[in-house]
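Shared between the two complexes below is subunit A, which has subunit B as its partner in the first and subunit C in the second.
Up next, the complex of A and B:
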């Protein structure tokens, strides 16, 4: 049981990292990115290709490379979609993630196609007991979440974050105020993508195996759900939301199994139904999330 | 009368219970198996009956008194046909339910994702996934696969084509991960029957016209054309071959040329197309029992295989030195192959094992004999030919 809880905490942490990444792009800068899983895939593949398939770089270097490559990919996507907003941006980014997945399936020589990449190294994997490996990885994930959380908090409370929020609320006004909107958008997208790629790389090293089929839009939906549940725009909301989503998804396993008289396929259907219901209920009754963004107000100079 | 227990009596009682033979306590502890099937997602059409095929075996075993007096408890989870979800489900089965075997993973990506968890935690994994790479993983014997891999499938195709007198085969293949490996195997196998592969064109499945591909195939002057694609593209290819006046042999996988395809094309276009596919052992009593259990005349191959997964796991557990994944690993081949009384029913097998007899299990999916790497040695194949818009079975062997 402990081992299972630790593993789920790792998943929650990795989802939390991605939710933090999405929060920079969507929560702070207001760009809808439904291609999140594409960046996760780019990160996971970059690190996996460099540490096991095409080279034997040490893991930290592979992860660093993943961060750099996904940041570049993010900046590129931001530039390509510079003129798009709202639904159009959502569709194009969704397309991006599908393109990544299809490339990973078909560039067999480069990515090993749909067979995926297995035996991705993990820190001390094989040298310690599986349970110990789990604990080590939980430590690494927790540290990663903490560091990224602090960075995101720093961004949010800095003048830089204020500009991002201004762009989110009205980019024309921000442009009139003399801010280089495109540059800010590109940078925010790159930072968010880099965080997601970082999470993707860790995901690969944790599971030891990645395949194109693992990077389906369903994961993006989980992350969007996590951020919506937590509260779009707040970093703590992103992390807690991710933990809640994983807890809910896993919790339904145990709850639904207790309902008597359900066949296996009905149990599975009820679980999916519950997760969908959660999203609908949440959006209906608490669209701002459990920890909504509070506007940071600074006292006017001279006011008593 | 109210029995009053003082601390000393309680302690004495507990000590007595603990000192009792381990077998008495063990009876209360069931043997735990896990079923991990695609109940939702792309595998959704297969998962539910795969699960029923497992449940049927477990129920039969429990009704007959369990394995050596121990009940079998089945824990089920859904893979959602998604590696991410499957890994979490497998974690739950292994760490919370403490199962000693996981049965019935379907998608290759799911199986490959779950496999490291299984061999690291010494849990046996029975799978129906076909990708060749799965049994090449460093699984140390913890994977058993009942689905024929592509080497076996193409070897059987080569044998069949050789018998039909094919000497020069051209392949039109959809762009899939198995297109290229399949060609390599066919090229290796055909010379055994005096034939060869004249060439291969890999095409994009989503195209709507394959005129130039068909021309390339005809230029090689083959006597057989192997349409290694899926239903939509093979439909177009058959039509274009007919238009081009092709009268030679046509062969395609059974999942591409099925009744739906035959209904959508005129009979003169499809006549003479032969198909091949791994088949359950339709003559086996196990297959007939499964027909009754699932309430269908035509149980799909995956359900037949998971039915055998559960039977093999139960039989292996009966003679395992310890009721663990490790125990199943060392004993599964003792019940599945190597001579002994031929058994197709798990309950009968358990009875014979109890009497100290050696058994050789063969189930609804076939002989269930495995190589050291966990691949199935052979299984029945069904060969059919399209005639007048219907498929006629040539043979099952």
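Up next, the complex of A and C:
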């Protein structure tokens, strides 16, 4: 039970990281990213391939490579669609995550296909008892969340973050004010993607095993749900929201299992349904989340 | 190598065109909803699956032939499309098109799991008469054509023709085009945007459902049938110009043929990735699509 709770705390931390990443993209810069799980997968695969399958780089280097690769991928995706309406970014990011899954499943020589990559090293795994490893990794995740949280707070309260919020609220006005909107958008998206890839790399090293079927669109929903529940735009909200989402997900596991006469596939279906529905309900009735972003809003003259 | 390509080419072109005609229906649905409602409704994935299953229930459980089954594959997703838009999407569209897009992804996962709850994950197939493929000798190559393929393509073309006639000649069709072209002007002219939105969802999701069943006829049915095709559908819509119905038809043909021809140089499992590459190429060189972002 203790191990289970620690594992859930690790997952809450990883989702928290990805929600922080999404907050830079969506909460601060107002850009959509429906392919978060794709960036997570790219991060996980980059680090795993470099530390176990194709090379034996030390973990920190693998994770660093994961951050660089996902940042580049994010910058490309954002740059390509930056001049278009957000709808195109939505389509391209959603497509991106699918293509990542297709490549991971089919480049068998490179990624071992649907069998996935196993024996990914973890810090001190094998040298200490599994319970101790869990605790060590929880410490690492907590540290990662703290560092990324502080960076995101720094961005949010800096003039840079102010420009991002200005772009979110009206990119034309921001452009008129002389800000290079295209560059800001690309950078914000790259930073958010890099954080997501970082979390993905950590996930691989924690889980020791990754496979394409682990990176399904539902994970993107988890992350969006975490940020929406916590409060879009606020970094603390992203982290707390992630903890709540993991608690909710695990809670449904026990509650749905109590319903008599359901097959395993039906239990899974009910849980996924509940999670997706919760996001819709939150977007509808509490879009500001539990910890709304605080800033002064002026009513536009004549607007109803 | 070259002779090998020439031998394969006619077959790939035919397969591609058939795939493209089938793909055109969900692409028209997606792009029509975009034209009227101004947001990418990603719940087309589960509505295509829903169409495939509605057709399955009619065909296998009630023993109906393909054509009447297709009717059910239109009606059920069409009604669901309207209901989902009323209950889920409409209030969110006011918050912004991107919020609606996010909610649509959640919606598609929710609906997909409703289907999974009742039907499970097993692969299913329709109850079809077994036909032998026709073999046509072209002199330099043999062409194999399945009668089911031809029937699917014919159905798809017939449905498309009906859609174009509807949009071109009926009052309701003109109303929809007016809203797609300029919602404000249409409002001034007294066209009720809500009615048109409902019609758009009804027609769009219905077409997506028919497309889903045709995809199921072509391959097999499981809760991810629609989702697997979604990348090609997006590609068809973006290549043709998001919001343009003739564009979606052209885009679907381009993507369908492109996916088949890719087999010459890429592994077959990368077919769906071709759609994504098509999106990227179009966004780089011709961001408004081949026919531009104009509805009809």
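As a working rule, the second predicted complex is superposed on the first by the 271 of 304 C-alpha atoms of A that agree within 3 Å, B and C clash if a C-alpha of one lies under 4 Å from a C-alpha of the other, contacts with A are read in each partner's own complex, and residues count from 1 in each chain.
Basically, a contact is a pair of C-beta atoms (placed from the backbone, for glycine too) under 8 Å apart; a residue touches a chain by one contact, two chains touch by 3 or more.
Note that the coordinates shown come from a computational prediction; the quantities given were computed from them, not determined experimentally.
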| item | value |
| --- | --- |
| First (subunit B), second (subunit C), both or neither touched by A:56 | neither |
| Touched partner set for A:218, first subunit B, second subunit C, both or neither | both |
| Which superposed partner A:130 touches (first subunit B, second subunit C, both, neither) | first |
| Partner chain in contact with A:7 - subunit B first, subunit C second, else both or neither | first |
| A:263 touches, of subunit B and subunit C: first, second, both or neither? | both |
| Which superposed partner A:83 touches (first subunit B, second subunit C, both, neither) | second |
| Partner chain in contact with A:158 - subunit B first, subunit C second, else both or neither | neither |
| Subunit B versus subunit C as contact partner of A:102, first or second or both or neither | second |
| Which of subunit B and subunit C A:272 touches, first, second, both or neither | both |
| Subunit B and subunit C footprints on subunit A, overlapping residues | 105-106, 218, 263, 265, 268-269, 272 |
| Residues of subunit C touching subunit A in the complex | 34, 39-40, 42, 88, 91-92, 95, 97-99, 101-103, 105-107, 109-110, 113-114, 116-117, 120-121, 230-231, 234-235, 238, 242, 267, 269-270, 272-273, 275-276, 279-280, 283-284, 287 |
| Touching residues on subunit B, where the partner in the complex is subunit A | 35, 37, 39-40, 47-48, 51-52, 55, 76-78, 80, 82-84, 87-89, 91-92, 94-96, 107-110, 112-113, 115-116, 120-121, 131, 133, 137-138, 175, 177, 180 |
| Of subunit A, residues touching subunit B in the complex | 1-4, 7-8, 11, 105-106, 108, 113-116, 118-119, 130, 207-209, 211-214, 216, 218-219, 249-250, 253, 263-265, 267-269, 271-272 |
| Subunit C-touching residues of subunit A, taken from the complex the two chains share | 30, 32, 34, 80-81, 83-88, 90-92, 94-96, 98-99, 102-103, 105-106, 217-218, 220-221, 224, 263, 265-266, 268-270, 272-273, 275-277, 279-280, 283-284, 287 |
